[in-house]
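Before anything else, here is the set of structures, which you'll find just below.
Two complexes, one shared chain (subunit A), two partners (subunit B, subunit C).
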Partner chain A sequence: MIDIVLKGVSKDFGKYLAVDTLDLTIKEHDFHTLLGPSGCGKTTTLRMVAGLEEPTSGDIFIGKHAVFSSKNLINVSPAKRNIALIFQDYALWPHMTVFDNIKFGLEVLHIKKNEVKRKISRILENVHLEGLEKRYPNELSGGQQQRVSMARMLVIEPKILMMDEPLSNLDAKLRSSMRSEIKRLHNNIGATTIYVTHDQEEAMALSDMITVMNNGKVQQTASPLELYDHPENIFVAGFVGNPPVNLLNGRVIKQGLQKVLINSDFLGQINIDNIQNVTLKKDQSVIIGIRPEDITLYSSNPDKNSAEATIITILPTGSETLVEIKLGDKIISAKVERHNSYEINTKVYLAFESHSIHLFDSESGRRLN
Partner chain B sequence: MKRKPLGGYLYITPLLIGVILFSVYPVIQVIWMSFHEISLADIRSETFIGFRNFKDIFAMEDPPFISVVWVTFAFVGGSVLFHVGAGLALALLLNLGWVKGKNFFRNLYMLPWITAGIMVGYTWSFLFEPRAGILNYLMSLVHLPSQSWTADPKLALPSIIIANIWRGVPYSLILETAGLQSINMELYDAAVVDGANPLQILTRITLPLVKEFILLNLILDTGLTFQVFDTIFAMTAGGPLHRTETFSIFMYYTAFKFGKIGMGSAISLLLLIFSLIIAVIYIKFFRPGKERYA
Partner chain C sequence: MSLSETAKRRIYLIKQYSFSSYQLIGIIILALLMFLLFTPAAEIIRISFSNKDAFTTHYWSRVLTSRLSRFIFYRPLINTLKLSIGMTVFSVLIGSLLAWLVIRTDLPGRKIIEKVSIISYIIPSWVIGIAWITVFHNSSFFGGFPGLLESFFRVKVPSQISYGLFPIIVVLTLHYFPYTFLLTASSLRSIDSHLEETGEILGASRIRILRKITFPIILPALLSSVILTFSKGLGTFGVPAFLGPPVRFNVLPTVIFSMINTGSLGEAYTLAIITTIIGILTIYMNMKLISARQSFATMSGKGMRMKLFHLGNWKWPLFTVVCVWIAIATLIPLLVLLLQSLMFFPGNFSLSNFTLHFWIGKEMPQLGDAGEPGVLFNSGIIRAIFNSLHLSVLSGLVAALIGFLIGYVVVKGKGTLLSKLLEQFSFLPYLMPGLPFAATYLVLFAHRIGPIPALYGTMTLLVLISVVKRLPFASRTGINSMMQIGKELEESAVVLGANLWRRFRKIVFPLAKNGFIAGFLLTFITVMRELDLIILLVTPKTQVLPTIIYRYAEESVAQFTNALALVIVILTLVVYFIVQKFQNIGILGE
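Take a look at the complex of A and B:
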């Protein structure tokens, strides 16, 4: 197995701690995404695995071999790690033609001339760039430049592909078509892919596994759906999902066997099952998260306990409609059917299943159920 | 849709006046004066004499015109070669990631450039001074014979070239540093990941990407070096035996010592033409490609 393993990896830039004792395992053949807001350390982590940045401490293994170890003074050069990298700005050499850009890596590897030609023409076909060999990067569109950088990455047949926000400079339409192309590519060549993005939708769509990072720390590593269904803390719950999860304050009334009764702001008393093995004090403050799609709206009160709210905005997207409602002094959102008869400033009643609630400790931010 | 361009012209008028007053008019005036006999003693009398000024320059024997051309080209060639070479080398060195105190050195290296040329000339005169100068003292330490440097017909030209190299390197350093810093760091990362060694990165990535800065540097530095007057004047004043008499010194003597303003203008015009020819050669040689740095 050629897993990529990071053990206790830290990186500081002077006083600023970019990555804080990070432990991470990336399985062979996985499409593994590092997801997080800007400045969370995801790009630094990628660059450390690539060998472009030297960790301050820790160990990095690719397969059985340590490629970096601060204790054993190992630091394998990027070229020997058998990786290839795509950069956000593509990093195409502007003074070289498309052909020369792709050729560079092969030349450095001392591959024979006719072999080089064959490889390049095959790779250009793969990324649909036939006939553009003689163009300079500035004569290509953003999408074409992206394809060139992909061709350049793939032509050296690396075991590990790394992509640092490769789609963020493209327009929305191109982005979604390149997205599926990247996924196809990953499946076809069966390499291990490490992908960095701040776009949670992109991460969800592409990944086998996602590691959410914030402030240089891993928040959670899980499959996309696991991440969405069971966010381990408030940060992950808030970061993953669009529109974001609704968060409301609440207090513990009493804890039973694996369940708890809480009093929520504006929603009244809620009974939550499947509480983890924690002891909650009476009156302890908690945070209740409900995804917009887990909320059902009624125009008349379905039962007398339902909370009452006022519609303030209706945002149709075509496939569905998002409704923003005012609940007490909070504004929360709910997803409803695309054909509906809601109107602004009318009263609605909220309903939800208690098992769809994500309960968090408001102090530590940890998940409780 | 057509709009009257009047407003546009109005906005560039102040600049246009400046350019006409300080660039276009003097050039035209120099050309006009080149074809006239004007004497410093009687500056109001201007007699049209056709190409006679040029004929006189080419036929001159003291100094011979060919000597002035040779001295000028040796001075400019030697200076520019080392300015750009050393400037680029220093810029590359100060652009390396692991070098400490970059800003300190970049500022320190600026000192020669912000020193007045005449001060540079006098300072180097002291260094080259045959009896009290530090250079001959250093030579004596390694048992080499003393030299009279600026007074020696063979060593005078190299001496002023060395002084001028010392003064001009910072200018290239700034230009080349600007060029190097315009290169996106990811372009290096991409080459490193591909397995390129430092030499390959330098020759295949860095140098091609600063090519246009090197070209600009060569053109500007050649133009500036053609005009150097103060340093040479302070060190040798063109001597000994006209061995350091460049176009600018020659022009000064002709126009202001011998009072032949018309002929001095003709020399300036020749200098301008030489500079233009060299700039064109540089541009042809570097053949800026199709590529642009997007």
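Take a look at the complex of A and C:
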């Protein structure tokens, strides 16, 4: 097994703590994404695994071997970690042709000339760049450049492939086609892949596992759907999902066995099942999260308990329509069908299933159900 | 702890605290720089305070408080300040006005004017000085052959116009206005018209916009120009050495030079220390001023739109004025030199007097100094040409290489102490006025120091001081070109397993090549015409063009002086254009 394991890894840049005692396991062959807002420490984590940045403390293992250990005084150089790293801005050498760019890593390995040629033509075929060997990077489109930068790293047949926001410099259309390309390449070569991005949709689409990070700490590690359905805290709930989850304040009325009755601002009383093993006090403040697609809107009151709201904006996206509504003094959003008859400034009534609700402790931010 | 663990720990500690290769390069350069800057400084301070190994304040009191002080210190100091202030005021005024005309108005021929005005920076200032003498010399006051004005128009040129403060300021302004021009032009170019248009929409008048928006934005560039020009004035030797002596106009560098030549070393070094301190103080004062305002300097480079100011009826009169000014700064001095070098007897315009003798003539011993073989067949001159090329090419290469290495260490180690120290120290030579700085090297390398043999009288010493003095520019160029190389470009190679040498060879150097060439050119051009820095250090064997010209000028052989001044300009321009061409080909070929 060649898992990548980080144990208690920290990195501070002077006063600023970029990564805070991070524990993380990345399974062999997985496509594992580090997801988080800019400055959350995801790129620093990636660079530490690559060996471009030296952790302040902690241990990093690739397979059985420690590649870094502050206790045991080990620091293996990037070249010996058998990794490949693809940068956001491609980092193609502008003074070399496509062929020379890809050849560089093979030369370092002292591979024979005809073998080099064979490997390069095979990898170019693999990334659909046949016939572009003689071009210089500035003669290629953004998508082609990104593919060259992948070919350059893949040609040395790394066991671990790392990508640092590789798609964020591309326009929207190219991004989605490169997304499937990356997934295909991953399936073909089977290298363990660590992928860094701030784009949650990209992370969801590509990954086997996602680690959400914020302020240098791991927030949650889970599969994409698990992450979406069971966010461990308010941060993850808010970060994953577009449009973001609606958050409303509430108070505990009473707690039963694995159940709690809460009084929510503007939504009235809600009964929530499957409460985790925690004791909640009466009047304790909680936060209720409902995803926009879990809200149903009615133009007439379905039953007299439904909350009443006013439509403010209607935003059709084509495949569906987003409706922003004013509930008391809060603005929340709901996803509705693309063909609908809503009009702004009209009244609607909200309905939702109580099991679709995410309940969080407002102090710690932890999930309660 | 078991033995093997102790051993392991030791190895790790060695790894931790030993330096990676690039840091080692940085430390070596830093150590060399400190040696080359501080030992001479310490040595001249020691000499200025000692008389045969005993402590004395004799030289200091002689310079500052004796009966002689007025002549060797106070008067030259006042002259130096007058000269520096004068040339700064005019250079900055003319340079910034020209920049505004060229960048922000519809002046005809703007693009060409911009290119041509840089040529006057390539022509050495003292060459313009020699041309000045050729035109304005007045033989009835100063003897010798008549100047062009005198012989052609029979005008008696007043002595204040022939020599002294006025011509020195004019000549230095002609040479140094491109500093301001270039700096202000790039600053003006960075102003998005939107900034001004916003003011216009808000109802501000044109004058108000210029005063409140445009002027504050270019202020940092103007202040930098003031510093650059003023500090050049403090150390300038060539022009005052040519245009000062006939009217006994002395500045601090010329006094230091003549004192060293007459053996008054103690006084000379005392003056050198004072000049250096004044130089450092002014620059630091000005830097404080700038850094407070620097934040204005950066503007977004995107979506620039330039709205040109319409000059209307002023268009052609202004065009004429600009053309005349540029001609005076570039073409006319060269033509004057050419003309004079073709006349057998200066001032005689009859056709039979024109000759190529001073270019290709044979030796004529009956003429004395003027009877030497023509420039192109004169073994002494040929050697000087060879020495000049040797010195400037070698200095250019070495300075560009060290600048490149400094750039690498500074950019790669960004934020570390080494990086900061190296950046600051490589700027230090800028603060040292040229001639006094050379005086320190005269002392230091007159005899053997440890493993370093006595360098006085060798080409090595000339290369050494030229490189050190030009390092601020070379390292600035190096740092700038390194900053343009994203760190990912090198990291990709690290990940692929390339060592430092391979990364340098294959990635860093090819990418920084243009910066290297720029560093080379900058050094080459300035060393080619360098007089202030090396006049104290040359010996008959190591004569270079500028110093040999100075010798001919002292002996009043005007035709040789003029012909050689032309040679220097032509050589510089030729190399400049060849390298530029070569560089362009290099870029296109990729």
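The rule we apply is simple: the second predicted complex is superposed on the first by the 369 of 369 C-alpha atoms of A that agree within 3 Å, B and C clash if a C-alpha of one lies under 4 Å from a C-alpha of the other, contacts with A are read in each partner's own complex, and residues count from 1 in each chain.
Just so it is clear, contacts are C-beta pairs under 8 Å (C-beta built on N, C-alpha and C of every residue); 3 or more make two chains touch, one makes a residue touch a chain.
Just so it is clear, the structure is predicted and the values come from calculations on it, not from any experiment.
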Simultaneous placement of subunit C and subunit B on subunit A, clash or fit
clash
Partner chain(s) touched by A:P137 [first = subunit B, second = subunit C, both, neither]
first
Report for A:H186: first if it touches subunit B alone, second if subunit C alone, otherwise both or neither.
neither
Does the superposition put A:R291 against subunit B (first), subunit C (second), both, or neither?
neither
On the A-aligned overlay, A:N75 touches which partner chain: subunit B = first, subunit C = second, or both, or neither?
second
Quick check on the superposed pair: does A:H32 touch subunit B, subunit C, both, or neither? Answer first, second, both or neither.
neither
Of the listed stretches 43-51, 241-249 or 439-447, mark the one in subunit C with C-alpha atoms clashing against subunit B.
439-447
On subunit A, what residues does subunit B touch that subunit C touches as well?
50, 52, 78-80, 83-85, 87-89, 91, 93-95, 104-105, 108-109, 136, 152, 156
Looking at the complex, which residues from subunit A come into contact with subunit B?
47, 50-52, 77-80, 83-85, 87-89, 91, 93-96, 104-105, 108-109, 136-139, 152, 156
If you look only at subunit B, which of its residues touch subunit A in the complex?
184, 186-187, 189-196, 200, 204-205, 208-209, 211, 289-294
Where on subunit C does subunit A make contact in their complex?
8-9, 11-12, 15, 486, 488-489, 491-498, 502, 506-507, 510-511, 590
Listed in rising order, subunit A residues that touch subunit C in their complex are 50, 52, 72-75, 78-80, 83-85, 87-89, 91, 93-95, 104-105, 108-109, 136, 149, 152-153, 156
